[in-house]
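Here it is, the structure in full.
By written order: A, B and C. Residues from 1 in each chain.
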């Protein structure tokens, strides 16, 4: 017996496609959920991150919060919120928005912090207003790191959305849990392959996007030697990444 | 709260389960990451390949990985070994990059002067580059430790016993305190392990204690390093 | 004319960067603030365009206190050139030069055309207009920085160690270029440096600063060399040694000036025995024809 052949057979079985519990519908649910969660988290995290990055204030709190959130198990948060507001999509939305905020926030402010201080100083000295500095200097130069934060958040949300099928009837995760319940290994494995493919495709898209948004002047030449030393703080070793579920 | 007092022994048991699940991946991923990270740092072509593959592994969601691993490596789905293997893979994916970055962060002047005074490539790696990359590695191990502890809870949904079992059990029986206890215990365990890693770092890298705030001049770091004496 | 009146600046951490500083910076001249680190020279410069606000005292430009002006507007009317060019890495050379005019609402085409002309002015080839700063040499980047400083045709140009990060040969080139530019444009230049040679070369008026922005001596290069106010100044300008401590030696009937190491620095020409050259600030300094020697 070959589990993989079974899984592929399961994936190719036309019976698994139509209807609200078919593969396309589940995939659509997972994608929609991911996008909505990311938008919600971004609306909160990006402005706050920009503010922290621009002013340098509140950074300590942001670092501590994201560090603390990294330690909080997603499954615990998910089940707890589900007990509070009931089974359904509400709990995953709340829990995953909360979990997606730290990487996006970190991407936003580390992007600003990675901008050479002298460049910002010069922009101010030639007469840019604070808003113009944010718009014309900090956002374009910090964009790659922000996209990096969004990338981490996306991975985490896609992954945890799978787990969220434990508390809500939606997404590709249903195949995993349904298969687990009935010992249907083909379904479990087929669903797993779908989730992994989805994650890798999104990862690839973001990797491409991240390359695309590096401003040309920065991508073209070698950055000044001292670039790292002259940034306000070393973004250093505190990956915005939190391993998703 | 009554739940907690009458189930303290259960919480303790699950904590022990959790430690058994999380410690091996933290150690194993570090050990495996050293040669891979070295390889990634040493040659340009391998760097791209190794780091890309590590990145892809990191992108794989954990639940599907837990389902797929048994087919690939023959572990049993609900066994601790399966979860440990998955967590090791994640830790490795993260640590490989950290090791490569850490080795790359070693001042080239120091590396060259070590070669000039007669270190072989092998001894230079162990006695100069690795210790100097220490602070970066330490930061990486801390991240791995915390995220491994947090991630280990996922195994509960497929029946691997850990602090995560308190989530699934509490959810099914509607006991909030049980879930909260699980969260608090997981976070505490993560903090304890994180603290242990920091302490270990201080013991192993005494020179980072004093020079932490001042920018360590390469010579100052190389100087008091105990291992240099035995060679020179 | 820029006037500092009893300006004091204490930073929040308690550092007294500038203590009761007063100075008049004449228009259309180059004034150099020279001192070692900690002398508050950069702080003083940055107070002119309100990058730093004084704790007490006032700074006036042509009789108007800068405190009454809106900082952003003020900065857009003053040219500013800094050490590491401070160019925007994601914008091309021509866009960098046109930054401020564009902010002021000058139409894009006009701003670009003006910027290209400015590249000529600072001695840059228009071919580099579409390059990014990271593709330029250090010297070229500084020239672009100067061009950007001139883009709004300001009356005042502030220069914060603009040539500090380039190698000595390029620095000498840029210094000559600035002298030429200043000859053409006649801006009110305030120039900050720690290099006394650069100060003597570029400055019409030089303020030698001690710690806390206290003026050790103010004057023309000649005045300072001829009469160092105290030992600090004498040692700072090196009047007691090396290339500045010249003495006359006779050599085959003509007078040769020799430095303290015994190396000839030039010959003395003109009326040596006469009643002295006619007036002017530099009258008490003999006119020296340099010998060919290593660049200083």
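Everything that follows uses one rule, which is that a residue touches a chain if its C-beta (ideal position, glycine included) is under 8 Å from a C-beta of that chain, and two chains touch if they have at least 3 such contacts.
Remember, predicted model here, so these are calculated numbers, not experimental data.
Enquirer: Is the way these chains touch best called a line, a ring, a star, complete, or other?
Expert: line
Enquirer: Based on the averaged CA atom positions, which chain is farthest from chain B?
Expert: Using the mean of the C-alpha atoms as each chain's centre, the farthest one from chain B is C.
Enquirer: Taking each chain's centre as the mean position of its Cα atoms, how many Å separate chain A from chain C?
Expert: 50
Enquirer: Could you put a whole-Å number on the gap between the CA centroids of chain B and chain C?
Expert: Here the centre of chain C sits 54 Å away from the centre of chain B.
Enquirer: With chain centres taken as the means of their Cα atoms, state the distance from chain A to chain B in Å.
Expert: Spacing between the chain centres: roughly 21 Å.
Enquirer: Among the residues of chain A, which are close enough to touch at least two other chains?
Expert: Residues of chain A touching two or more partner chains: there are none.
Enquirer: Where in chain C do residues touch two or more other chains at once?
Expert: none
Enquirer: Of all residues in chain B, which are in touch with two or more distinct other chains?
Expert: none
Enquirer: Tell me, which parts of chain B touch chain A in their complex?
Expert: Residue positions touching the partner: 55-56, 58-65, 67-68, 71, 90, 94, 98, 136, 139-140, 143, 146-147, 149-151, 153-154, 156-158, 163-164, 166-168, 170-171, 174, 176, 179-180, 182-183, 186-187, 190-191.
Enquirer: In their complex, what parts of chain C are in touch with chain A?
Expert: Chain C residues touching chain A: 46, 49, 51, 72-77, 80, 82-92, 99-100, 103, 132-135, 148-149.
Enquirer: Chain C touches which residues of chain A in the complex?
Expert: Of all residues in chain A, those touching chain C are 116, 118-119, 121-129, 132, 136-137, 140-141, 215-218, 220-224.
Enquirer: Of all residues in chain A, which touch chain B in the complex?
Expert: Residue list for chain A touching chain B: 3-4, 67-68, 70-80, 82-84, 155, 158-160, 162-163, 166-167, 173, 176-177, 180, 188-189, 191-193, 195-196, 199-200, 203, 236-239, 241-245.
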